[in-house]
Amino acid sequence: MTEALVEMKNISHSFGRAGVLHDVSLTINPGSYTVLLGPSGSGKTTLLSILGGFLVPRKGSVLIRGHNCTMMPPAKRPTTTVFQDYALFPHMSVGNNVGFGLRMKGVVKSERDRLAHEALVIVGLPEAFKKKPHQLSGGQRQRVALARALVVKPAVLLLDEPLGALDLKLRRQMQDELKIIQKQVGTAFVHVTHDQEEAMALADHCVVMNQGRIEDEGTPERVYAKPATRFSATFMGESTIIPGEVTSVTSTAISVNTVFGSFPIIATAEEGAKVTLAIRPEHMRLIRDSRSITFGSAEVTAVVFQGSFKRVVAASKTLSGPTFIAKIPATHEVAVGDTVTPCCHIENLIMLTK
Amino acid sequence: MTEALVEMKNISHSFGRAGVLHDVSLTINPGSYTVLLGPSGSGKTTLLSILGGFLVPRKGSVLIRGHNCTMMPPAKRPTTTVFQDYALFPHMSVGNNVGFGLRMKGVVKSERDRLAHEALVIVGLPEAFKKKPHQLSGGQRQRVALARALVVKPAVLLLDEPLGALDLKLRRQMQDELKIIQKQVGTAFVHVTHDQEEAMALADHCVVMNQGRIEDEGTPERVYAKPATRFSATFMGESTIIPGEVTSVTSTAISVNTVFGSFPIIATAEEGAKVTLAIRPEHMRLIRDSRSITFGSAEVTAVVFQGSFKRVVAASKTLSGPTFIAKIPATHEVAVGDTVTPCCHIENLIMLTK
Amino acid sequence: MRGLMKLFSAIYALAIYGFIFLPVVVLVVFSLQSTAFPIPPFTGPSTRWYEAVMNDPRLTSALFNSLAVAIISSVVAVALGFVSAWGFARFVLPGSAVMRGLITLPLTVSYLIIGMGLLVIFNMIGLPKNLIAAGIGHVVINLPLCFAIIYSQMGDHQINIERAARDLGATEWNVLWLVTLPILWPAIFASLFLSMTFSWDEFVISFLLTRFDTTLPVEIWNLLRSGLNPKTNAVGSLVFAVSVVAAIVLELILLRRRPA
Amino acid sequence: MRGLMKLFSAIYALAIYGFIFLPVVVLVVFSLQSTAFPIPPFTGPSTRWYEAVMNDPRLTSALFNSLAVAIISSVVAVALGFVSAWGFARFVLPGSAVMRGLITLPLTVSYLIIGMGLLVIFNMIGLPKNLIAAGIGHVVINLPLCFAIIYSQMGDHQINIERAARDLGATEWNVLWLVTLPILWPAIFASLFLSMTFSWDEFVISFLLTRFDTTLPVEIWNLLRSGLNPKTNAVGSLVFAVSVVAAIVLELILLRRRPA
């Protein structure tokens, strides 16, 4: 096991009386791409600011490469930040913007121009060297900000909603490039976003935050396939949510009782425990086959064509039944008002205990 | 066949010397949801402004319910517009905002309050009646603007990038609501956007625009499944593009020669014609089966996890071969650097002549 | 280190505020002097000199003159400024950037120069020196300011709001009355208040363009010729008090606008 | 209809521009008069009266005094205004909204009142009437303006830019010198120019606080006592010309900023 690059231990913080972080611990490995994903107010930006040194936490400590940096100002930390509004120096050329950090370290002009040029090559903008920031588009400014932060070879690069100001198409494109650049330079990136698609696409390690706590963390594949909590099952991708109660427990499986009957699940839980079953939309089907378990019948309330698939929303006809969300092939004919039989394969039931 | 509600005939327009619309004709049916989809500069907003009466076209005519409205000012047209910045009256309560159009028509206060309240119920905001616009969130202001435009019962409601100022999550939610409201009130909506997912989700009739011309129009399902031009194959959803030439023509099929060999296609074309084959990412496979046609071999350059699927980009190893884009199930193991065999079923080849 | 920094900041702030406010504070304090000389020791507080001001018919009539000139000239300046700003925002004229520059240029021209110019013109056309002449002078100096303030509020968003009103069937008159004016109301009110304050405070133009009936600053000037005394301080303090009230009202209007 | 509207607009524009510019145009034209009275008919153009101004040692020395007071007082006002604005933007102090209001309040107080207050203070502390006293007066009137202009440019974006510099290893000194000052340069330059223009044009405070050596507006005033003549017009035109040049430079700076 590699040694941790950053260890944030038991961080708590508050603004005035409102607690924004509650006993959060986070480990970042060298060379990893960590994404902090959460809605606004979840504390993800505060956690990043504490890591960057712009805030001193009320409690807890920040260790970078084993050194305690909790009280260290940003200038002295081996971290650099890419700000959401880019924060480029408007009066300097792109080359001087990128070389600024090296200038502060006393690197001579010719050397820092060379390194700045190299960094601009990495982000794909070498021709902008002599331009001023206001001559660049939003996406280009984003790249310059990235080059400026990379050129000083930080231990950790922090990105605060770096794609938030870009339009959707450019956002998806920059997201692919960010991932490529990160793998190329090998620096650990910590990236804050509220966009779950961005998080899934970028993260090696995805940290789902809500109300100042970490709800779930792990690879995006694991978080998506086996979310730890109900929040992460609905925030990181959608789910159909069916509440239930554990009724019988054997050594290998349990039985969960819901409004649609009992389902056997391979898991461990205490008898009588309240649990939640989640089904991802791509596993929810509207046509049963021999292996399906069914959830009563439902009326289709919306059908949205999405090119490669249709997104179908259906209201259960069972009392206090859930809203079903399914992604089905675009060729499958279904219309608003149709009655369907929602079903899925038993192995696609995800059991959540929180 | 129902009579057309709006007919725009041979519209041309230019700002200064730059032509922005070139001989565009468009028909809008009663009760339909028409989406004008295109990149910025495609002329979609200009076309909407001409329909709304804010611009008089250089050439061509606008007929609404059979009356020529080309020169008619916005106040006299049976159209209302929902502006991108909402353009609510900041000094009036929400109720008075919504009732403004009725006030201009001389409807008495009690009656217009009643109708404004009804319109607010339709958009799901009856409790905001007495509030001021600055007390509302972006999504709520959007609804008020919609109610204000709906309450005067226009023949056509025009929406100018109505969701452009909202964040992604709210955007998808408002998009579903817009569709529901349109079906409920039955008014024809014309909606401008550059977001293809929004267009597919909302449109009954999708109009793809590029450089001042209509590239393709029809139901989103048709435009997606059988795009008319290369532009609409790549702008409305992604495609892998393989250029080719028609080599032999029979009465029922043609043969198209590409760098990957000849493929038989059921279509008509002249021998020697340059054509383009497009394959949608969900039809592109990386594992061949008995019915597959293959496209040489390719090296995977990017794998992006997207929850329910993985998006794989692969560069062809064949000289002047294309970039393959495939959406494959999330469970399928593939990594950057792997060599794969891109393939698809013959019926999923889309032939484009433009 | 941080404490020292704070101490230093506090001292600096105190010095700056003292520097700016000492003159008017001293003026106000010594207007309350009960003896005849505005020098320490402070012998008040006494309202003796304020009574003297109120009993001086020249000063009280000058006060009413000042108010009349301030109100009338400001209303005229705001009305003309609004129409100009509206015109600029609605019609794209050739060279309108230059024209906009020209209209605000007088903001940096000396009142003395404007006063002299007006004096020359009024001499030529035979307009006698009186309060009307001074009022015209105040319109000339305040119109550019009113224009600049109102114009600055007429952005693209405002134009879209007016388009929305027209789209919903409003006539031009309805747009002006129900939409444009109410939305620009804070800017109009602010420029009216600022104009009134400037007119109320203005001395040079009033001095050059009036003769018998005149404004309060000119009367203060006449009093000052006989040297500083608590009576000049008292009337100066009154002028100051009116300005301060106007300025506070103005800042409140501007602050209230924020949330909208 | 549309044509009539345009004609009406054109007439209105002409009237407004005439109204604002007529005073100074008349002033400048009749300064070129070759005879001794600034009334029609126009007998020039002649530079006779400009020569007379240049040969008047009182006026030329007043011109240099004016320049010296304008430059020195403006530099001081800008420096103090910058430090104040920086302090406000950096430290969140209790009641800082009120303090910000206070610091800009004097913008609406009459120069006459400020001049009187300074006169009272200088009397008390025994500072004689001279150009230094006038310069201090000009700092008092211009400091709030410099503060307001510079502070208005110190938004959140500016603060983030400074954070970025610190994050990249810059010391406070580096931040100030390499980032804050260069970015605020247009605002600093604008407030310097505006201060110089106001000081250059200012009459009341200079009149109250100087005695023997004085500034150009005060000398013009002295000339005016003997009535209007082309010489007063000539020196007035000179003052105006300097103001206009300053105003144009200022507008160019502000225009150049736009794209950034």
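Miscellaneous remarks
The first chain written gets the first letter, and so on, giving A, B, C and D; residue counts start at 1 in each chain.
Methods note: a residue touches a chain if its C-beta (ideal position, glycine included) is under 8 Å from a C-beta of that chain, and two chains touch if they have at least 3 such contacts.
None of these values were measured; they are calculated from a predicted model.
Counting C-beta pairs in contact, the chain pair with the highest total is C-D. The centroid of the Cα atoms in chain A and the matching centroid in chain C are 56 Å apart.
Rounded to whole angstrom, the centroid-to-centroid distance between chain C and chain D, based on C-alpha atoms, equals 17 Å.
The residues of chain C never reach two or more other chains; the list is empty.
Counting partner chains per residue, chain B has no residue touching two or more of them. Chain-to-chain contact here is organised cyclically: the chains close a single ring, every chain touching exactly two others.
By the definition given earlier, chain contacts exist for A-B, A-D, B-C, C-D.
By the touch criterion given at the top, residues 6, 9, 12-13, 16-17, 19-27, 30, 38-40, 80, 83-84, 87, 91, 93, 99, 101-103, 105-114, 116-121, 123-124, 139-140, 143-144, 194, 197-198, 200-204, 208, 217, 220-221, 224, 228, 232-233, 236, 239-240, 243-244, 246-248, 250-251 of chain D touch chain C in their complex. Contacts from chain C toward chain B in the complex involve residues 157, 160-161, 163-171, 174, 178-179, 182-183, 185, 259-260.
Across the complex, chain B meets chain C through its residues 52-54, 73-76, 79-81, 83, 85, 87-91, 100-101, 104-105, 132, 134, 148-149, 152.
Of all residues in chain B, only 167-169, 176, 179-180, 194-197, 200-201, 220-221, 224-225, 236-237, 280-282, 302, 304-309, 327, 330 touch chain A in the complex they form.
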